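Can you keep this structure in mind? I'll have questions shortly.
Labels for the chains are A, B and C, by order of writing; each one numbers its residues from 1.
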């Protein structure tokens, strides 16, 4: 039941859960970066054994990345969504590979496309791109239209014309 | 009873035109409209086209869809290994000008930059009837003496 | 006497991007004789940066772009994007629109499974079944063309409902096509699924237990073949699925043959769902009228649906402008190919690698996005 899970977490971590919302079989809350690993570990013990996704969003105005962990429990049929904010200057966070094996590939993708460092992940080599020399492409300060227009198209008013 | 006369193939070009072997390379999303040609919807074997696994056996390279920078090196390697005379067909609008992914940082906008192309077929993806029109046009051109490269 | 220490070197075989059995995907196999010791996947040959491209386009343009994210099941991508955006704004879609969306989603699932039968047969060397299955696909593509105008990439399910209404001709042709496909299913049972060679090549190959499957992140028919009944259509119902009756197909063995049978019985369930929906189709409007530059309010949402491959989720963040701020697609093939396939390929033979790979039903375009 959702209320049991909420009370069990609040009793074990009384000051750490912020903005708790629980309705429609989903419980959502945010945590600070230092307490993310113990809370995720406790959620795994409660019964959230399926990790759906690890999403990263770039909030460039607030100079922060936000990581979201989406978990599902096959037993109770409840979804848990945990949000963590990390600074944009030197983004590092502890990896959850020890808890769910499938997390390894989600973190490798976020490392390549955003530049976030996950401590403890055994393999963070590039996945999709070969010989990429610019900044990580999914960050908000990489303008893909400007990059493509300089590299492949001629200078024209109106619509782009392909070189060659 | 009427006497049957066999059809005689008169020239090397005519023999080449009706047995064009294509290399087996599933490129990208434009390839999905070649599945009816491989299957029994619009069978391509009646035109003499087979899908072969080795580049050394192939005559034509069908590039169906967009080409990423990572795949471009491999396409050039396969093209170099094919034996002359060889032909290249480009399907879709992505190899022509970039198509729907014109603003993507990872795709090549003109496949002409890496290999020379003989026939362009437009569409996103082109319908199977369009592809058939292109195949027959190419076979007639080869019969008429189009030199491969 | 000195005994020299020598290093044992293993042979590395590429299962390359140009290969009749690999799609557009590259893997390096480390082999010792015929036994595979390790498999290292190298994806990325189809990467376009999809999620970045969607940040520059307004919602009707994204409806056209997003169905190329999974080329074998395009209706599931459109459904996911439209629902995720509508959830942020709290829009209520009229009943007829919901029923039509569900019908098209189930037809897309049947199309994907029939294509999968063809590809698996081709890779195992069974050319006859390949040609027949890819000929049966044409019936469903013809239905797509009658309803939407496009065979493969229909651009039909948009934010607010569906683009146009379905006609009586579509309803009649769908009933005829479903009767034909039901007859073909008994033919496939006899020709493919009970064929001795097929059973010999797929039974006891690539087996995983239920705990391993959950830990590796498996969903869809791959997980249901191990005995866990997780189907998003039943556990978090969306669209019109709460109004139809259907069964969730599970098997217990967890090997490649069990996964194949799960998909075969799912085709039969989908045919029954479409028949129930066509019988009870309500009248009324089929979409909400929204302007092309309609903007969702600030907020975010996470919407999960059951595509033909597994659990597909859309995480959309909106900042009040007509273009979305961030879209993340959780693709089921990403985990099947890059985490489960290396795990199952250990201690198998080289000849079993295509059978294991295609029994997991992964799409390279879905994996790379």
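By definition in this document, contacts are C-beta pairs under 8 Å (C-beta built on N, C-alpha and C of every residue); 3 or more make two chains touch, one makes a residue touch a chain.
Please read these numbers as outputs of a predicted model, since none were measured by experiment.
**Q** Taking contacts as defined above, which has more of them, B-C or A-B?
**A** Of B-C and A-B, it is B-C that has more C-beta pairs in contact.
**Q** Going by the average position of its CA atoms, which chain sits the greatest distance from subunit C?
**A** B
**Q** What is the distance in Å between the mean C-alpha positions of subunit A and subunit C?
**A** 24
**Q** Rounded to a whole Å, what is the gap between the Cα centroids of subunit B and subunit C?
**A** Whole-Å distance between the two chain centres: 28.
**Q** Which whole number of Å gives the spacing of the CA centres of subunit A and subunit B?
**A** Those two chain centres are 42 Å apart.
**Q** Multi-chain contacts in subunit C: which residues touch at least two other chains?
**A** Subunit C, residues with two or more chain partners: 44, 47, 49, 52-53, 56.
**Q** Hey, what residues on subunit A touch two or more of the other chains?
**A** 128-130, 137, 144-145
**Q** Taking each residue of subunit B in turn, which ones touch at least two of the other chains?
**A** As it turns out, subunit B has residues touching two or more other chains at 70, 103-106.
**Q** Show which residues of subunit C lie in contact with subunit B when the two form their complex.
**A** 17-20, 23-24, 44-49, 52-53, 56, 64-65, 68, 71-72, 115, 118, 130-135, 137-138, 151-153, 365
**Q** So in the complex, the part of subunit B that touches subunit A is made up of which residues?
**A** Answer in residue numbers: 69-70, 97-98, 102-106, 109-110, 112-113.
**Q** Could you please specify the touching residues of subunit C with respect to subunit A in the complex?
**A** Contact set of subunit C toward subunit A: 43-44, 47, 49, 51-53, 56, 214-217, 219, 228, 230, 235-236, 302, 304, 311, 313, 315, 317, 325-326, 328, 330, 334-335, 338-339, 368.
**Q** Flag every residue of subunit B that touches subunit C in the complex, lowest number first.
**A** 23-29, 32-33, 35-36, 38-41, 43, 51, 53, 55, 66, 68, 70-71, 74, 78, 100-101, 103-107, 124-125, 127
**Q** For the complex, give me every residue of subunit A touching subunit C.
**A** Those in contact with subunit C are residues 25, 49-53, 55, 57-58, 68, 70, 74, 77, 79, 81, 100-102, 104-105, 109, 127-130, 137-138, 144-145.
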